[in-house]
Amino acid sequence: MLSEADFIALWTTLKLATVATLILLCIGTPLAWWLAQTRSRLKAPCEAIIALPLVLPPTVLGFYLLIALGPAGPVGGLMQRLGGEPLAFTFTGLVIGSVFYSLPFVVQPLQTAFASIGTRSLEVAATLGASPFDRFFTIAVPLARPGFLTATVLGFAHTIGEFGVVLMIGGNIPGATRVLSIAIYDHVEAVDYASAHWLAGGLLILSFSLLLGVYSLNRHIAVIRP
Amino acid sequence: MLSEADFIALWTTLKLATVATLILLCIGTPLAWWLAQTRSRLKAPCEAIIALPLVLPPTVLGFYLLIALGPAGPVGGLMQRLGGEPLAFTFTGLVIGSVFYSLPFVVQPLQTAFASIGTRSLEVAATLGASPFDRFFTIAVPLARPGFLTATVLGFAHTIGEFGVVLMIGGNIPGATRVLSIAIYDHVEAVDYASAHWLAGGLLILSFSLLLGVYSLNRHIAVIRP
Amino acid sequence: MSIQVRYRLQRNAFRLDAEFTVPAHGVTAIFGPSGCGKTTLLRAIAGLETVDSGYLKIGADVWHDEHRCLAPHERPLGYVFQETCLFPHLSVRRNLNYGYRRCADARKRIKFDDAVELLGIGPLLDRGPGGLSGGERQRVAIARALLTSPRLLLLDEPLTALDARSKAGILPYLERLHAELDMPVLYVSHAADEVARLADQMVLMEAGRVLAAGPIQALLTRFDLPLAQSTEAEAIVDASVAAHDDEFGLTCVDFPGGRFNVLRRDLPIGRPVRLRVLARDVSLTLERQSGTSILNVFPATVAALFETGDARVIVRLDIGGTPILAQITRKSAVALAIAPGQQLFAQIKSVALLA
Amino acid sequence: MSIQVRYRLQRNAFRLDAEFTVPAHGVTAIFGPSGCGKTTLLRAIAGLETVDSGYLKIGADVWHDEHRCLAPHERPLGYVFQETCLFPHLSVRRNLNYGYRRCADARKRIKFDDAVELLGIGPLLDRGPGGLSGGERQRVAIARALLTSPRLLLLDEPLTALDARSKAGILPYLERLHAELDMPVLYVSHAADEVARLADQMVLMEAGRVLAAGPIQALLTRFDLPLAQSTEAEAIVDASVAAHDDEFGLTCVDFPGGRFNVLRRDLPIGRPVRLRVLARDVSLTLERQSGTSILNVFPATVAALFETGDARVIVRLDIGGTPILAQITRKSAVALAIAPGQQLFAQIKSVALLA
Amino acid sequence: ANAAEIRVAVAANFRFASEALAKQFEQATGHDVTLIFGSTGKHFAQIQHGAPFDVYLAADELRPRMLEEDGIAVGGTRFIYAIGKLVLWSPHDDVAATLESRLGRGDFRFLSIANPTFAPYGRAARQYLQSVKLWATIQPRLVRGENVNQAYQYVFSHNADLGLIAYARIKLPSSGTVGSYWEIPSTDYDPIRQQGILLKDTPPARAFIAYLRGEEARAIIESYGYTLP
């Protein structure tokens, strides 16, 4: 039922989602922490800017990203002057697009989770000799675990299902930028509904198992709150 | 610069986003509350199912919704037998699609927020004579305010920017299902970049102001946590 | 009218199996070492714990049996938790109003302003609970519970963060509560002085079980219970106001064994009062002595002796039918040849008038 | 070697302006009514409050002045918060280890197992903090702070949720801490007995200001401070172990004014100890009396009198140079014609040997 | 006749031509023509599931035929309204002469085409590339747009150097063409026969189809870079 190309797309998708989620967490965590802690005037504008990519249709966002990453665009131009390759139609470009588009889904739950920890536990950790860095990792991160779970699930799933941005800046190159969402879409457009059903069904079952595993695990190690 | 059609699309979009967000909150809040409180075995499967629509490309999801809502589909068929209109290509259908697709963005932050309240405040409220319903609204909801903020922003913004689902089950019918994201997309397709820029820019500025307002307000009435 | 309680539950290694009946008026102290299950018992009474089996009857009303179990919000009780938990999103005033508003007007027996004034939290009303000190939080929590005009008040170590002066203000009010409003109180405390002052009954717990329950006088002087054996052993004397000595600022109270002089209190003649006599404040002499600063000296009969094993001897005296404990060293007991039936004099250095 | 503290800060209507210097060894009690700023002061010392101006010097080390301000985690102190906050995501053992691991091995002076055993939390080690009782939580928090082997220990009402027996186990250990490990302690408490037992120095606060700071003996017997005026007035006597009376299970301790008999304690002869004498346990007689159960009777000279205004008189006695307070009624004072310079006998009913 | 609304689902590549046509038709008849642009595949799925369109202008022959066979469309109304032309396009102005040789030499970074599995212009592009034996070697440098419009945007944004796209996409009657192009010999690919079909048998919709087949309309369609049979 499924062609080899579909499996390559699956592989590309998983790679993309994993890399993008990791980068999202790396960028999103400090950002969310800063937003949860700061009293700066920049807080509200930053929050608004992070949520902004959401309101643009993905294809349009992809179009603007394409222009920005293109040789004439600011980012692409800079890259070229620095001797790098243009980013459009590359896996790296895809990752950048996905990160850009999924950022709010990662930052917002993390920020909520960090804010709900309160300061007391962190103060106690400080008096026990933990540096800010230390207590961030040993207190804030574990206590914000539900937020990390939400952020990871939303970020990962959204990257898998993402489509407009990826299609636009990826160029649908098999093995490089052709991801599963595009493959399913292709089948639908080609009126090859059987393949589409198979692929979509498989993706759903796979994702469901993955999500079920994550959530069940989470239940078993649930944090006991006072 | 912008045509009358664009303003109609803007109006449709705002209506859609508002209605969808309200419905999302109405459905998502009890769902999130149940998920945050329950120890049922169904919890993990339910969480997984709610996150599932995310992994499908919106167009594909829209395709399946189309099948379900169309006259031959289970939902649409039922509707017809009950004497109603089929839901595809109507505003109602759009709302259903948006709600379906944005549900995880609303449920997940709410669930995290509800879970982080802990049980103590609710117990105290119970001993002060508040019924479960009462304490849900007077204790749980206010204490989960950051979660509601996140849920509303993500749900609203995502509905505005949503595209694939809406295009598929809406059919881009002006005045009924042609929303802003499709309008911008159309302008880009028509190489009418000026209009696209105007519309996208306007949308961004509008959204930014809206978000900035929301976040600033939130800062001013920030909950003091112990 | 009584409070009947029976609760059984299991939390991993800890098993609660508590059963007691106490009169449905006055203060019942719940006393026992850390971790013995006092908080768990109160939570079960409030309906906050899932229990294996339970029975709870307050006066004529059954709140919990096999057939019916009132939900927590249906039980008209006030509960001050061990860790005061004020609603973080409400100002102090709105914290207080939370329960007050939910209490039907017809049931209200405590005025908002009275509770506020009594607990000295007027200046805090419009502040958030964030910046309150430990003692301030406790006082707000007490006021909040009182303002629901409960039919039963559960207090879990409510005064721990309060200094002596604040306590001295609140304790008489708690006493009046049960006297004037007939609001029974279950009171968990580790402070012996608070317990003696407030409690009419006592429930003695250990390791999840009830060791004994009953009137406090009886429990305090029973040698088979840990209370009478401790260095904090004490007795409670029921007496009544007989006269006032305005010159020296004293009040005379009579009990069947004689007359106590205590620091003057503005109480009407004939008013029943309660005196707390610590065993370590009671010394024994063979003859009545003169030229001493001790005003309260009574002829007494030795009823029983208990050697604590650490060189102390607790002597239960009978003074006109009232049991009083004296704690002396074994050396003194030998020197004075104390034995049951002996007649001697009890000098009571200090005595606290409680109500 | 001393602890120098000066902190100023403003929180809306509350102003803290506290300055004091106390020796950098022994326990310093911080005493004052609810809301006077004790917790805020400790938090400032721990570096957790932003202050307007501050100066903090522990021994030779400046922790805070205009030029430098150590971050909270750089200050080697242990802090038991008023509301015990255990990390909810860590088991009791990992809570304890949190600070223990972060303390350099060379600096460790307290063994893990010792702290666990002393605080009786061995059975709790592998539980989560969720189900612990109030007292259990407090003990874990104390152990956790101790295990950082701090150079300064801040205790904010750490024993409020503990029963007398648990306290009786922990207090001697806290005493030993500063004696053996030379770990100065700042101790907030409302319990007069704890303070008297533990404290060497005292800082008396009111409304954000320091009323007085100094050795506890001096502060306790100063008539111009609220302590000596209260019904809990007391004096501290420095003495040394002189002999043991094995027959009656007593220990004799000598002080310049004579010899006390107290309940036997296994202490070496010559060991300096401290006795707590409550004013209300001291009675006065004009003649030395016989046939009494009171063992401790000393000739004394009246040094000063203070009328409290409520029919009590506090008498400061001089017993061989040691000041001791006696609380008697004005009636007795008049009956015995007590006046400064008068010679009489002080009968001390009970006395607590503290260290 | 009473003025009525006619909803026409139009293949994305036919956008500009259809706009001009609709305008003229509206002026002539007073009817209201609503054009709904989108990919032919999406429209097909929507029509299958009850989309309220009156006329379907597809980008190929396949979809209208399937609708006709399924009885969803009105039988016997299928007709070719335009035949598309494929060109090799570069956004730069003066390179028309070298375009063909650049393709052969591989002197480009990316070549943009529409999706060959379902987009008609994509299929034509594949047929051309296969006929000149470049299909296999060019694979890694081939980027596929969802439709011919997206293929156009890749080139427009200079992310792809060349594109095989619809002539109609670059030939605007108002502004002429942008950049330079080379017309692919029509023998190198199957003709892109774009068919239309009537979906709802109403007089205004029939009138519109009749108009499309008329001489006036043919002239407009040709002016937008299509040929006609």
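Points worth noting:
Order of writing sets the chain letters: A, B, C, D and E. Residues in each chain are counted from 1.
As a convention for this text, a contact is a pair of C-beta atoms (placed from the backbone, for glycine too) under 8 Å apart; a residue touches a chain by one contact, two chains touch by 3 or more.
Just so we're clear, the structure is a prediction, and the values are computed from it rather than from any experiment.
Identification of common neighbours of chain A and chain B yields E. Any chain that touches chain B and also touches chain E is listed here: A.
Seen from the C-alpha centroid of chain B, the farthest chain centroid is that of D. Taking the mean of C-alpha positions as each chain's centre, the chain lying farthest from the centre of chain C is E. Averaged C-alpha coordinates give centres for chain B and chain D that are 60 Å from one another.
Put simply, the C-alpha centre of chain D and that of chain E have 91 angstrom between them. Between chain C and chain D, the centres computed from C-alpha atoms are 26 Å apart.
If you average the Cα atoms of chain B and of chain C, the two centres end up 57 Å apart. Within chain B, residues 59, 63, 120, 188, 225-226 each touch two or more of the remaining chains.
Of all residues in chain C, those that touch two or more other chains are 83.
For chain E, the set of residues touching two or more other chains reads 42, 45, 153. Of all possible chain pairs, those that touch are A-B, A-D, A-E, B-C, B-E, C-D. The residues of chain D lying in touch with chain A in their complex are 46-48, 71-73, 75-79, 81, 83, 85-89, 98-99, 102-103, 128-130, 144-145, 148.
By the touch criterion given at the top, residues 43-45, 47-49, 51-61, 63-64, 104-105, 108-109, 111-113, 115-116, 118-120, 146-147, 150, 153-154, 157-158, 160-164, 181-182, 184-185, 188, 196, 200, 203-204, 207-208, 211-212, 214-216, 218-219, 225-226 of chain B touch chain A in their complex. For chain E in complex with chain A, the touching residues are 39, 41-42, 44-45, 62-63, 66, 109-110, 112, 115, 117-119, 139-140, 142-146, 150, 153-154, 157-160. Against chain C, the residues of chain B that register as touching in their complex are 120-121, 123-132, 134-135, 138-139, 142-143, 145, 223-226. Interface of chain E with chain B (complex): residues 7, 12, 15-16, 34, 36-38, 42, 45-46, 48-53, 149, 152-153, 156.
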